[in-house]
């Protein structure tokens, strides 16, 4: 076993520590930028992230064909408002970039409320919240506003006139995304992907962005058995373009996580990769065992082809072992896709807990080696190796290590990885990692290829 | 995918509609006929069924050896009675054909009650019901009567004399059965088998007979991807003879159902085929998913080698994927094999519901195609194909279709049939059928052979 | 099928009967002997057992290398005590051999209580019990005593002086174990292993020793399809030495049981062999079905590489299908490894029940044949073979046999052993054995190799 994998097995792995406040501070800087699929807001955001990790910013030209799709033109928006006859801005893009439906066409017209009404979106059930709407890949324009604002307009009657302006345009440009490869001892890559296309929404998905950035920063400084590829890209079209243009990289991706919605106070929720039914994906095992060992409330869900960018990584032509880690998943919290998904909705300690969870998952993957027992006939004399006490009282920590040693020895038969042994034994990963480390040191086990069980 | 399979996926499939009353009317005509394993009653019944479907009536000569069995002689019965000294018919075959033990030998003798008693069968726990007994393949004779009738005889004392007559005989003839093949686009055959050997018993099994007949009638008028083979035959010896004499047909049977006891008000009960543990049988999947989607109470049972004619189809030499559909199974309702299993016990609406269920199962098998995604790398741009709405409100029906589209696309990997996708997704078959139809129309999926998962 | 297997299927198999009292009497003779890993106590015990079964006593010389271990020197102990200044034996080996820590070095010294204290072991939570301690493979010496005894010493203060004597020595000799092979019609061997190294402890493991001895005695007198190999050996080093020195025998071991802790009144507890997850081990099936059919409380546990000598048999290099049968397992009863595990703790009727259970397990293995249906197409005419009654009342015993006949016939497809059929059918083994016996007699089934399902 390599030195770095050994180190990951023990307690010298990085920990989120006080990163919660730092992540929240970064999020506050990112919050006001108007991220869309493409354009200036995305580029400014990626630049900000470069302060934390040395992301490479890549550009894919508008019009590039990618798997039947076409990379869209860039959308540029400068201002937008609805003014009443007195010239007052009743709805004002300067107040919130959620007020404009994403990728709206430009418009400047005076029209009656009756004409304007079909272009207005509100949330009657939450009268003070502005909804988030977008019409990617479609023509048209629209405004989002709180239902209270809409009420004001309504009360002025259907014939009241308003000046409506969206100073925006679609023009050829490029799709921008951030990428970072952290090479390890092997070229077995772990993909970490997060979407960067949403405007001023904190949990969906500034939370995913800052956790991914800090995860990358921590891994950059740690010894690495595996390699790590981080992607910060617009949802759907981003991974589609990346997959289309990086087909040579795909065979190197052995594990993957889509990160999103990681700042709310809900329980951590893991959605398995598509492979979970046919065969075991190590990432599924790793996440599930980490969540089991943490002992905090969490939820494991089966794969479904709906959701976030796992839809693309897990499309049948690729079928990559990529799961998705969130706290409360998209669409299942009331604030989702509204102005209430703001900086207060997201807690520093929840971000830190999410980052810790990611680090533990990475630790489990780093340490997930398949071993071969070098003395597979009967137990070796563990007493002389200092791994077994005689009959009688021994302290619980020694006893736990001793049990872990017995499990690792017995199932290091080339058919069971350390994660397999953790599943079968129900013992904590930490104990098994320690046991494996000691047994490697005694040369009682050695790293091996895995043969199919 | 073929045109007819396409049609089955939508709502133009036949429905039982008002057939409940028609089936019950047919049953009333069939009820008085004295069906046994062989003979006139069976032939008259098959002739009556020919009014509904163009059954071919086949005859297998008495004495024909079939898998170690011998096709029996024909049993003809003309009359039977027990008369007291005054010549009164205390037990009278003209009142109910259940009064004579099936395939009794002929007899005409005067004997005491003490001599007669061993030949009398009643049901003390249901004193007004006449039991149904038969002694196929054995010698002897007997009468069945209500326990009240038996009481009368008992009260006259052991020495009272009775004239006993069974005017019956066994003579070489033939075993008759009905068969109908409805060819479809492929020679993949669905076997539908029902037993026709019981006398005046309504649920067991006039119900199976009339449902099978009306199912055949409806399928005759529908487009068919699959072929259908209907068999109306005496229990046990019927399928044994048919299997022995039609071995060339057997490889064409890909799915099958034994129908019986379909007119009572109990929940639909499905007994899986013998194959359910080793591999998935499509008929097991189809029935279970149809019952799941119906949302009405039902029961799924494991295969066992006891029961009805599935015993022969699922014998180890054949191991055909044949399940059994009943409402309350044989032996589990008090009226089973008694005169209380009469025309009142069977409800037109239950017959109609059973027929509907059969039609839905057939619909699921007709639509059970394995597809191949023609664009398996990432999702195709469904918005432009009209199969995906932008973010924001969309009506629940559209949303359900969109989800079904995503499931069908993702799992059309040649390893999952549409029934497999229905199991894994938990989505209704109807939505998946609609999604598949639309995706075929867009050429995003195409029919494929299935490769083993 | 062979004659002896036939006989095992029926009720002529041996039964524990009144053996409970005999086993308890033998245990009373064995109790006072001081068994350790090696030495005189073990040899005397094996001699006593030779009165019941013709064990061969084998010796392995001290110093023999076995899989990285070394066969230890023999430990001889003659006397041991702690005397106060008045010469009174406060702790006296003559009262209980538990008073000396196993394999203690010899010592004769006068020392203060303060000096003596680190060498004393008691159980404060059970002040009247003496614990059992050993320091196999380690240097040092010690005494075990009740906490009341310790209190006496404590009260005399830290400076009170005691004369301490352990008249013991380690010297080259040999490790003794008992072995018995009972050959059967085939060389498919069943290993029965029990540990013999503990001193005056009744449940752990005189109970395992006497049950194994009486099991061997009963099997010696019975017809045997399988062969049986009984091992009575010291824990850990015993099976390690035996496995190292008998590698040619190992391929013949097809089933195995480690027996221990079989005399307490707890429920029978079975720990599965290591193979239970990858494939079915017949011994696991047999034990679980026997326990199911017994209908008494019991527990089935997954394999773990901790416990008794199954650790060695199930080490990955051997991976033998060896399970472990106990009542309350080691470490789970308060009396475990204390002087309270005495002759009163163990009940004759519990020993008898354990022996019965073992005999039933052996019966299930003896009868576990895979059959081939000689008439696999449809059911054969069972009525003419006297195995099927016509419709109507038949007694429950006949009905159970008839159902068992149908199951055996249907699943005698070379893929299902009789134990497989018992699992799938949920029918009692006894009925299936009887059915198989009758079907063999009718030549409707015949013994077959098993092909993998």
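Which chain is which? They are A, B and C, in the order written, and residues in each are numbered from 1.
In this text, a contact is a pair of C-beta atoms (placed from the backbone, for glycine too) under 8 Å apart; a residue touches a chain by one contact, two chains touch by 3 or more.
Keep in mind that what you see is a predicted model, and the values were worked out from it rather than measured.
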Note to self: Thinking of each chain as a vertex joined to the chains it touches, would you call that graph a line, ring, star, complete, or other?
What the structure shows: complete
Margin query: Interface check for copies chain B and chain C. Shared numbers divided by all numbers used: above half gives same, below half gives different; which is it?
Written below: different
Note to self: Could you work out how far the Cα centre of chain B sits from that of chain C, in whole Å?
What the structure shows: 53
Item checked: Junction residues of chain C, two or more chains touched -> none
Next item on the list: Give every residue of chain C touching chain B within the complex, in rising order.
Entry: 373, 375-381, 383-384, 390-392, 403, 406-407, 409-413, 424-425, 453
Next item on the list: Give every residue of chain C touching chain A within the complex, in rising order.
Entry: 67-69, 102, 121, 131-138, 236, 239-240, 243-244, 274, 277-278, 304-306, 311-312, 314-319, 337
